[in-house]
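The two complexes that follow have chain A in common; it is paired with chain B in the first and with chain C in the second.
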Partner chain A sequence: MPEEATTSGEEDVLRAPLVLEYPFKRTTGPVIGAFLTALREGRFIGIEDDQGKVLCPPVEYDPASGASLTKLVPVGSEGEVLFWSWNQSVRDGQPLDHPFAWAMVKLDGADTPMMHAVDAPHEVMVTGLRVRAKFAEERIGSMDDLLCFEPVS
Partner chain B sequence: MTDTTSSEPAPIEIPEGVWSQPEVDMSAIEEIASVESVRSVRAFASLTYDYTPGLATTRFLRAIKEKRLVGERCSETGKVYVPPRGVSPVSGMPTTEQVDLGLDGTVVSFCVVNLDFTGNAQEIPYVSALILVDGSDIPIYGLVREIPYNEVQPGLRLKSVWVEDSEMTTSFENIKWWAPNGEPDVPASELADYV
Partner chain C sequence: MRDVAIIATAQTKHVRSATTVNEVELIQPVIQEVIERSGVARHDFDFTCSGSSDYLAGQPFSFVMTLDAVGAWPPISESHVEMDGAWALYEAWVKIQTGHADTALVYSYGKSSPGDLPRVLSRMTDPYYEAPLWPTSVDIAALQARAAIQAGVTSEQAMADIAYRSRTSAAANPFAQLTTSAQPLALMDEEYLADPLRRHDCAPVTDGGVAIVLAAGDKARSLCSRPAWIRGIDHRADGHHLNFRDLTTSPSVRIAAEKAGVANGPIEIAELHTCFTHHEPILRSALGLADDVEVNPSGGPLAANPMMAAGLIRMVEVANRIHSGDVSRGVAHATGGHALQHNLIAVLEGEG
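Right, the complex of A and B next:
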């Protein structure tokens, strides 16, 4: 039922926001759990694949061979923008409340990029931009612990 | 929105032959290995609708703001539906006649809830019942209180308990719960059509 109803002009029919929310609880498994644990500690980890390449964020299985991956390694909190797209119309639930860049950021020590928000003016955004992770002050072990990336000044 | 439950019990041992992810090697990241691991996350899947109840239910909600319960009658069967959806589910014809219902009702069937689930504000156990409002022909859901849960039974007569007048809105939540009204039980045989 509507929580706070308003009338829409000509039809005189009620209308109200209705939020349907499923509070799912998911187990992370050991690999994603370690990644989120690292975020809570304000750092990043990756995982080594069969060829010794470091995948960050880590995945449980080698994307090429399907083999189980287990070797977790540290990754830096700074990296490089490989490519990016400008987000002018920010929507609810996105990392920032003002226009920003969605970017693929390859962290130092990693061989694969991760997608996240870069909080920088449009004119500053450029392929190859050096960025640094900005973490939340209070961290609980979730993706939200990583707020965004910012240019390294 | 996510949050984490860190006070999780240790994972149970998985029987042989059942699939599981292998243990990870954390020797290169000792500072992570030495702190409590994240094992689960809360991941809210939230859908925001712009909801309109339609004309008939709008009439119902406007009435409920004035502490009235209003149903609508099927022109062919004479049955009164509440909350009205504007159409008879039996004949498919529009329900055009509004019918004022009573503010009392009768338990048709009920459920004693003993499980505490997320988002539930009620103390358990509590009773959720299908209540046939006086003058209607289809029961609605309601919470039954002010009576021990093990004394609720079909036929129990109830009155609706409302929020303060100042808090009344166009919402079904104007009815806080239902409570015994002191009248004798309705014989089960009279409820046969509504179960």
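Right, the complex of A and C next:
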């Protein structure tokens, strides 16, 4: 006698792992590619929007007007935390393997912030905190080249 | 414009984990129920549209199997959006406006329980700068909450008050998942989940589904004693990159509310797709709601949050109160993306 399929109880439920991936390759183009190349060199670049404000990380099109943007400019490796939250339960793939702060960091010379991790104790985190980029020792031209930000001591 | 109304609704009893049913088994009774309530024969729908997500189901084209719950033979005119069901309703509304349909069946569903939902939602971010960091929906919401608190838009105390009000309101909602809450002062004593968010600030993980029937003009009047007319509907999106947005306001809601005509009459109730407590003050402000407007009398997503359905359920909750004659005019809001990126606003009215 074949066993009869049933949905009567939790113990009978078939389970399978849910593998989460985004299996697409993308080209980075002249603007994002330039930013990632700069990261490989351990520095940041931004791009001027059509009002002359510096967007960092840079994008190819003005977020407000949609105008094509081309003027890349250097941006500092230190900046200020505009706002932050605390990440107590770190998940796979996140920048650090211990609790850290997510922050919007406005780098010196930029007019917009970038989202990244700040490696600092919870009690140190405060809006206005000065932070500095910490780069990976071996860099390949990807977002992983920027490990996190750390407080400027 | 053609007059289009919601004439029937149905939804599941929302639960943390519907482990023992698959998506077809989850939604089929709801579809059956809404068809019976509508009075439209199963094979007489001019159009069928659904909303769901392959990222929740864990397989491509997962919506196709759910068509078994509708019955797609003989062939039907059918479509799907990889979005909340509120956008499936929007597509059906457009189909009716263009004269290609007089009736439509719309449904949506999600089983979030099998995976790690906040991590799944990290895949909605920009693929170059944000997605490589794997920020979860809760991480991003916590950043937005901090920005809103710093800007004076809300406070941790006000957020606890919203959590308490939402979950105690849900006690009267037979479909809700969370229907009790500690007092706001006690909520404030709890540990942070993601400072400045505590667990009560976050909508629960929920499995569930919803279905509605739309009908145009006299067809709606003949099938429903008090149709919930869609007087205005519009959706707008803010930019994808979180860092270029002012997360403390919602320009897209403000524009959609204006296009949908929210301010063209008094609003009695608002059902808002608030996945986090701090969304409510941001939305209230962008919608221009008066202080006495009742928000989420059903408990809202803070009491039951089936992904892909929670937005369409907002329209159902307003429509139900119009069908019953309790209210004459209300606004429903649905959202998609992180931190209220993409927003749909609908104004529903009863006649007489």
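Going forward, the second predicted complex is superposed on the first by the 129 of 153 C-alpha atoms of A that agree within 3 Å, B and C clash if a C-alpha of one lies under 4 Å from a C-alpha of the other, contacts with A are read in each partner's own complex, and residues count from 1 in each chain.
To be clear about the criterion, a contact is a pair of C-beta atoms (placed from the backbone, for glycine too) under 8 Å apart; a residue touches a chain by one contact, two chains touch by 3 or more.
The model shown is predicted, which means the values in this text are computed figures rather than measured ones.
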Touched partner set for A:117, first chain B, second chain C, both or neither: second
Chain B versus chain C as contact partner of A:108, first or second or both or neither: neither
First, second, both or neither for A:88, with chain B first and chain C second: second
Partner chain in contact with A:70 - chain B first, chain C second, else both or neither: first
Contacts of A:27 with chain B and chain C, given as first, second, both or neither: first
Partner chain(s) touched by A:57 [first = chain B, second = chain C, both, neither]: second
Partner chain in contact with A:142 - chain B first, chain C second, else both or neither: both
Partner chain(s) touched by A:18 [first = chain B, second = chain C, both, neither]: both
Which of chain B and chain C A:37 touches, first, second, both or neither: first
Chain A residues contacted in one complex by chain B, in the other by chain C: 8, 12-13, 16, 18, 20, 22, 24, 26, 28, 92, 142-144
Chain B residues within the chain A interface of the complex: 1-6, 21-26, 28-29, 31-32, 35-55, 57-58, 61-62, 118-119, 169-173
Residues of chain A that touch chain C when the two form their complex: 7-10, 12-13, 16, 18, 20, 22, 24, 26, 28, 32, 55, 57, 59, 63, 82-89, 91-95, 102-104, 112-117, 122, 127, 142-144
Contact set on chain A toward chain B in their complex: 1-5, 8, 11-31, 33-34, 36-38, 40-41, 43, 45, 47, 60, 68, 70-74, 92, 140-144
Complex contact set, residues of chain C against chain A: 19-21, 25, 55, 58, 114-116, 118-120, 123, 127-136, 139-140, 142-143, 145-147, 150, 192-197, 239, 241-244
